[in-house]
């Protein structure tokens, strides 16, 4: 076999400070406590980060409130220019940010460099252009901002989720208090520095780091007008309850258990790539991951053979190596959950398979895994695993495929693989999912709205539709 | 399989029953593989392997015995300054130049390929193509690069294309047959896959992308589709067929991308000059330059490498 | 012939799955001298089942067809002006109601164009966002006829099916009779009379209901409770309007868009 020599991206391109404060009103300030963030690939501590208590959240919301008056009154073209600046700075500093993201999150540098960072910059660029065109967006002649947005984001795409939250909020004239996930705070804190470099007025963006309690203080804060959350359906439910009766506008982007449906007339080699990309991209830490593979029985065996052969070429290891396909699981807690659900899958009688794959000794790792012989009755076909674990089910007819695909409380995304146009359109029509990828998977674009049906949440992010979540 | 398929007149249903190829998907996959980072020891090994896979080619109206002798000498000793540098796989010339090259290469182990069958258009009567082939083999060629009739293929006359390949294969005798699909004229990846299967069913030992004489020659995604075809063909029939991208591959970086493609699509079994070739001319000097950079630690210039 | 004929009175029953059943509980209550069915939570359960069953067919009907059906409702209302008059709906309100049905009828084949999008993604992909009905919508309706119309019509025209807890029962049931004779398929609208405060919590907590319209809830306390209950399966919630219920205003798109999901479909372009 042609072995690739190690090709590590240089870690030294980015400077990590030993400790970080909260970013409030344009300044870094201490919080009530500190916590550590680690590199999940090595368990090495990367930095100490401030934990925001209730008073810190109060300060941040107050700063955002003070800034709201002038920021929302700023002419659209002026707001646009700040966002264009931010987009450009991110482009120029994307190598630093990509390395930082891979260090803190564990995702392969190939993905942070080629997927996350380009999308982050594009997201700011796209929304910058909206700032002075909102009256043409189709939400009435006089669209107005809501006020202070409290935003809580997950650890799977730390900077991209920040962009999905902050870019539309600022473009529409809102100010922001954002809480990044406790295991991946560093790129958000780097972003705070980007805001300063762009001379964004103090208080327009505030970053408060911390865990669940910090997030709860933020979303329950009485002076927050808008809550946006991306994360688990369970937490989303709690937030929806907390917000009930307050009049706060709420958008939720939650879990998923997407069906990736392969028909027997699929372009098979591309379908295999789509399956792999669907579930192993970002270690499967993707809410819209194609975690349920539905294969037409007439093509089951050759497809599984191709899939296994392809999985054997996946390269797991050092996230900073440019040839790594699968990086580290983000945290010990997430690894424990993936292991637990996988063990349940095996205990419930599904057949487990992974390619030969050596796992590093330090850090949090999980080999790409598929379960065959899975039925709708298995927990691994119903619960979101949020890891590199694929459940394989079969079907006989398009009707059966659609029924199985929709037989879940979730409805975020779905995949269809077929060379027959009319079949694709008919199946896409009947799938209860906010994003349907036909003959592709896990594609994202700032112009394309993203979000779920049913318990996958409500509201859309991106595109013209995404603006609605931030306008009165 | 070959004979029964053909006799049953089932060629069309076989070719049209192959899975489709999604253009965007295959191009994205090829581009992703193109981002593999091959450095240091891996790069050194890749360069030597790539040199051993080169079909060093001259196919010009202006070719002369002098030019072909010089090229053949270079095939044997690509880097006269470094005896550790391996020879290339083969020399590839027009049939008229075969005896000249044969003289230089005799007994060296470097193969001698010739483009027969009314190269590059293939627009000649079958008798002419067969005579062309027999002449080349008689002159010492042990590999024949034939072109298919793209016109017949695009018109759906699959039997015609099939029969021609079978006839040329017979005329080759012991010489290996590489079938040039001229993928730049086939228009779709679906056609590339079908033409690959057609050629393999008819007995091709290698399938080759291009003549180098039309604007679009070898590309990564086309080669990816062809590699998938030889992989699937072996799985179905047990017979292994080689792949040769030709035309437009000029840099070490390009060549390494192709090796990555092999590595991650069909694996080890094809990572050998017996099963993979580069049809190229200027590629060799770039490989040599990169090779020298790795051994000496500094960059070289064109004056330090032989012209041909 | 006697001078005053003994009139035939109407029994006001529920409207579920296209039929007019009594409450399974057998309960009735008196409203302005009429016995009206007092819906129970089991009636609500049956209504949700009927709405779910009717939903794919109604969503799958062509937009043109849904528009025609809503227009037919307006025609039937026009024909029943006298009856609504005896129920206390004045002529101006009835005009407004009929106009609103017609206005929404026209939206059936336009909302998708106005609220959809072709997205210019940075790659070789066809990328189209189109609205789809969210599914089964639970409605706590305002008492006025125009209010009822203003929550019912937008839900229907977008392809949703509805379980509505009515305010003024006689007007609502009479509207149900209009719907039943206007080619509205059975189950598309299911109407329950009775005490909304009793049935609404069951509606808000029902896991097979996708959205909850609280426009008719005037008690902020109850509205908050229902919104909290709706979080159980993450229903889309339309809160009672903060600035009061003046249904004569231009409703805008929001009553429709709040009950629509955006589905975005990607497909590569290449031959």
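Here the chain labels run A, B and C in written order, and each chain numbers its own residues starting at 1.
FYI, a residue touches a chain if its C-beta (ideal position, glycine included) is under 8 Å from a C-beta of that chain, and two chains touch if they have at least 3 such contacts.
Owing to the predicted nature of the structure, the values given are computational and were not obtained by experimental measurement.
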item: Highest-count interface - the chain pair sharing the most C-beta contacts; value: A-C
item: Central subunit by CA centre of mass proxy; value: A
item: Distance from chain C to chain A - Cα centre to Cα centre, in angstrom; value: 36
item: Interchain centroid distance [CA atoms averaged], chain A/chain B, Å; value: 44
item: Inter-centroid spacing, chain C versus chain B (mean Cα positions, whole Å); value: 68
item: For chain C, residues contacting two or more additional chains; value: 123, 125, 268
item: Set of chain A residues in contact with two or more other chains; value: 439-440
item: Residue list for chain B, restricted to those that touch at least two other chains; value: 22, 24-25
item: Parts of chain B lying in touch with chain A, wherever the complex brings them together; value: 19-22, 24-26, 28-29, 35-43, 45-46, 49, 228, 259-260, 262-264, 267-268, 271
item: Parts of chain A lying in touch with chain B, wherever the complex brings them together; value: 1-7, 110, 114, 265-270, 273-274, 313, 322-323, 419, 439-440
item: Residues of chain C defined as touching chain A within the complex; value: 114-115, 117, 119-123, 125, 127, 129, 134-135, 210, 220-221, 223-225, 227-228, 230-234, 236-237, 239, 242, 252, 257, 261-268
item: For the chain B and chain C complex, residues of the former touching the latter; value: 22-25, 27, 187-188
item: Contacting residues of chain A [partner chain C, same complex]; value: 122, 138, 140, 233, 236-237, 240-241, 244-245, 247, 252, 254, 409, 424, 428, 431-440, 443, 445, 447-451, 453-455, 457-458, 460, 463-465, 468
